[in-house]
Amino acid sequence: MSASVQPKAAEGRFFEDFRLGQTIRHATPRTLTAGDATLYLALTGGRFAPQSAETFARAIGYPASPIDDLLAFHVVFGKTVSDVSLNAVANLGYADCRFSKPVFPGDTLSAVSQVIGLRENTNRQSGVVYVRSQGFNQRGETVIDYVRWVMVRKREVSAPAPEAVVPKLPEAVAVASLGAACPPIDRAAFDEELSGSPYRFEDYSAGERIDHVDGVTVEEAEHQTATRLYQNAAKVHFNQFSEGQGRFGRRLIYGGHVISLARALSFNGLANAFHIAAINGGRHVAPLFAGDTVFAWSEILETAALPHRDD
Amino acid sequence: MSASVQPKAAEGRFFEDFRLGQTIRHATPRTLTAGDATLYLALTGGRFAPQSAETFARAIGYPASPIDDLLAFHVVFGKTVSDVSLNAVANLGYADCRFSKPVFPGDTLSAVSQVIGLRENTNRQSGVVYVRSQGFNQRGETVIDYVRWVMVRKREVSAPAPEAVVPKLPEAVAVASLGAACPPIDRAAFDEELSGSPYRFEDYSAGERIDHVDGVTVEEAEHQTATRLYQNAAKVHFNQFSEGQGRFGRRLIYGGHVISLARALSFNGLANAFHIAAINGGRHVAPLFAGDTVFAWSEILETAALPHRDD
Amino acid sequence: MSASVQPKAAEGRFFEDFRLGQTIRHATPRTLTAGDATLYLALTGGRFAPQSAETFARAIGYPASPIDDLLAFHVVFGKTVSDVSLNAVANLGYADCRFSKPVFPGDTLSAVSQVIGLRENTNRQSGVVYVRSQGFNQRGETVIDYVRWVMVRKREVSAPAPEAVVPKLPEAVAVASLGAACPPIDRAAFDEELSGSPYRFEDYSAGERIDHVDGVTVEEAEHQTATRLYQNAAKVHFNQFSEGQGRFGRRLIYGGHVISLARALSFNGLANAFHIAAINGGRHVAPLFAGDTVFAWSEILETAALPHRDD
């Protein structure tokens, strides 16, 4: 490095760079197209009918085939990485995630985050940052919002820390606040042979467990291509040279992509669960590496009908 | 697995689940877009001019760039897998395959199969299932139809078998029934520099053999991405954990994708053979694995002009 | 190979097949779509705002999101390979490359090359071929033009060589000839938070060096898919069977794709450098193989404002 190197290349925020209440508008708005829908399908294996076929989507009440909910989530999430988690030691969790508008090809997503909590760790080397992130479409409508918290390194151990504030998060998203991302569905037009399963909402009950049977082995080229599709530039996913010297000796697969693979596997058993209304909480309990095989099972914890809707 | 596991996740039909004359409407209709055309091109290496350029396609008489015939085939085939061959021991063959309507971006394909033959094997552990599968567009027009036969395991060896019925298949598709998927071509507008070859129909003669020179090495990430693009969920292509304990110790590459790679290689020597009218028969004579290199050669067995057409 | 093998499969031109002044119209015109933009983004990691978001592009003055300049370059370049460099020993350099019209989804690119120099090597086994290649859109407008020179094998060492002609190439593209591919930009509408950097033209000065920090490891499946996307059929990139016996024992990554990866990395530090007006010269100084990690740095050699423009 010569002395003339300028800091124009961002190194990302460290713990002491965040301030409670701070609002960050993230870079690179993104227009999602039919090309994104195709590539996401080919990288994850999705087979849900409304996302796969214009005819099916329109028959049940959508104006067009919607973009997969998790693709929209990953695109919004990806924008936040450079500003929030470039120096993250760990992604600790997600909560209170709502999908509040459907996303269609042609929509442009952008994202804003607000710092809602900060707590330095006792070793003073890092701290936990809580942000609420919102994804917007080109009309300024919120399409997704969620809270996540990450452990972020400090640039300098001696830097003073703000008073600890830990936000109170709901254990589950209120059912009454859901459903806005899914138009009223014409149940009679919902063709169960085409959708791949005769099982509907009332066929699932609390305590039921579904083994989705299939497994999928992930390759480096696949998760890297997916993570770039999401414009998520976290270096742990891409750089074998540096990761080879790091904690795992390997590139880490973006945890959100693993959720997408599990979601695609869940088609076999939950084929009619074509829309995600909310995610109450999520954690990445173990890292996944290329060559590993992902399996999925689902447990129905509770069922809840949307109020004011009978579809 | 707990006792509450429900059979909502399909395990696929076994030999004794098929009945002669049975009609199966397959799940997940699929709208093909420009995104699918791009990804298929990038995964196979296609360079045929009408499929690559709107301008070329329109100049010779198409209303738009058609979707590659084999992409449409794979998408139709992919839908049949969950219902027909999830428990297949082997894909034995294809025959009597006709392409009867061109497919364009925006078209939605769906598929129906009819069981036209059943024959239990003498060991009673499996049997051969013959199906005629048809692919339809959103107007209900048949775009592709073909027969395939697969060897399918029995769930229980003792299950009674139906009387053996083996359909009589034509050795070759009748030329008179072909051509409907290709509009009349304006030969004068067919630019041989842009298409990549000066050789036309009358330049090829029976007995001629063409070595297509090039070879392409296939990676796991490539065939997995392609097979998901086709929404073909056969587990042998994706799950190294289970296949590692299986017959080959490896994931098997979907044979149809190998045909697509060979077809793309055939551009070098058959650049003007831009449309497949029919496939008389096909067999996968040996498995292909990641790391293998595909080469292709063609032998002209016979030439036949389409009746009533001079283009 | 039987005796009836016909030479319909092209083996590519050897040095003695080129003639000074010769014009070659290349095969396979190509319509670029939103699908190409997506796949290119996912294979390279691009995050420049105008190419990512319709809304951003329109706000600053584009009629739509432009296709990435380097994607257009690779597609034009790819067409020239079968005719110019199939028997190349080495790609020696590029110069005088101008981007003179923006390319948008829906545009169809074709390419023509003219031989502007020939010089046999003293060992008589090969020679250097200089071509000026031009890429056109469907309206016949030049979108890209550049010179490249390649070392091409002779079919027969004894073949006579033409008189040596080496074209004089400019050291740098004249600034006055640039800018036509970029509409006048509305600086006030250029949102620096959304673009990802507050640094504009006037913030960069000669001598400044920017380390783009990040690195990306390239997989075989990724560069093969990208190179097929560009319809570049050079066998060194795809055929492990033959390359395994060759100079490097490995498939070689297309150098243009490496430039695209470096360009995408340069976003971190040059986020507002969203358009490439010209490439003064380029060389591939060392081969890159799968498993290698690409890093990038930029040195500002000189800055020059476009005449007649204040945006």
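A, B and C are the chain letters, set down in written order, and residue numbers restart from 1 in every chain.
One rule holds in what follows: contacts are C-beta pairs under 8 Å (C-beta built on N, C-alpha and C of every residue); 3 or more make two chains touch, one makes a residue touch a chain.
Keep in mind that this is a model prediction, so the values were computed, not measured.
**Student:** Can you check whether chain A and chain C touch via the same residue numbers (shared by over half) or via different ones?
**Tutor:** Because under half of the interface numbers appear in both copies, chain C and chain A meet with different residues.
**Student:** When the Cα trace of chain B is superposed on that of chain C, what is the rotation angle, expressed as a multiple of 5 degrees?
**Tutor:** The two chains, chain B and chain C, differ by a rotation of 120 degrees.
**Student:** Round to the nearest whole Å and give the separation of the Cα centres of chain A and chain C.
**Tutor:** Using C-alpha averages as centres, the distance is 35 Å.
**Student:** What are the residue numbers in chain B that touch two or more other chains?
**Tutor:** Residue numbers touching two or more other chains: 33-36, 38-39, 219-222, 225.
**Student:** Give every residue of chain A touching chain C within the complex, in rising order.
**Tutor:** 1-2, 4-6, 8-11, 25-31, 33-36, 38-39, 82, 106, 108, 110, 138, 219-222, 224-226, 228-229, 231, 233, 235, 238-242, 251
**Student:** Once bound in the complex, which stretches of chain C touch chain A?
**Tutor:** Within the complex, chain C contacts chain A at residues 33-39, 41-45, 47-49, 52-56, 65, 193-197, 199, 203, 207-217, 219-222, 225, 268-271, 291, 293, 295.
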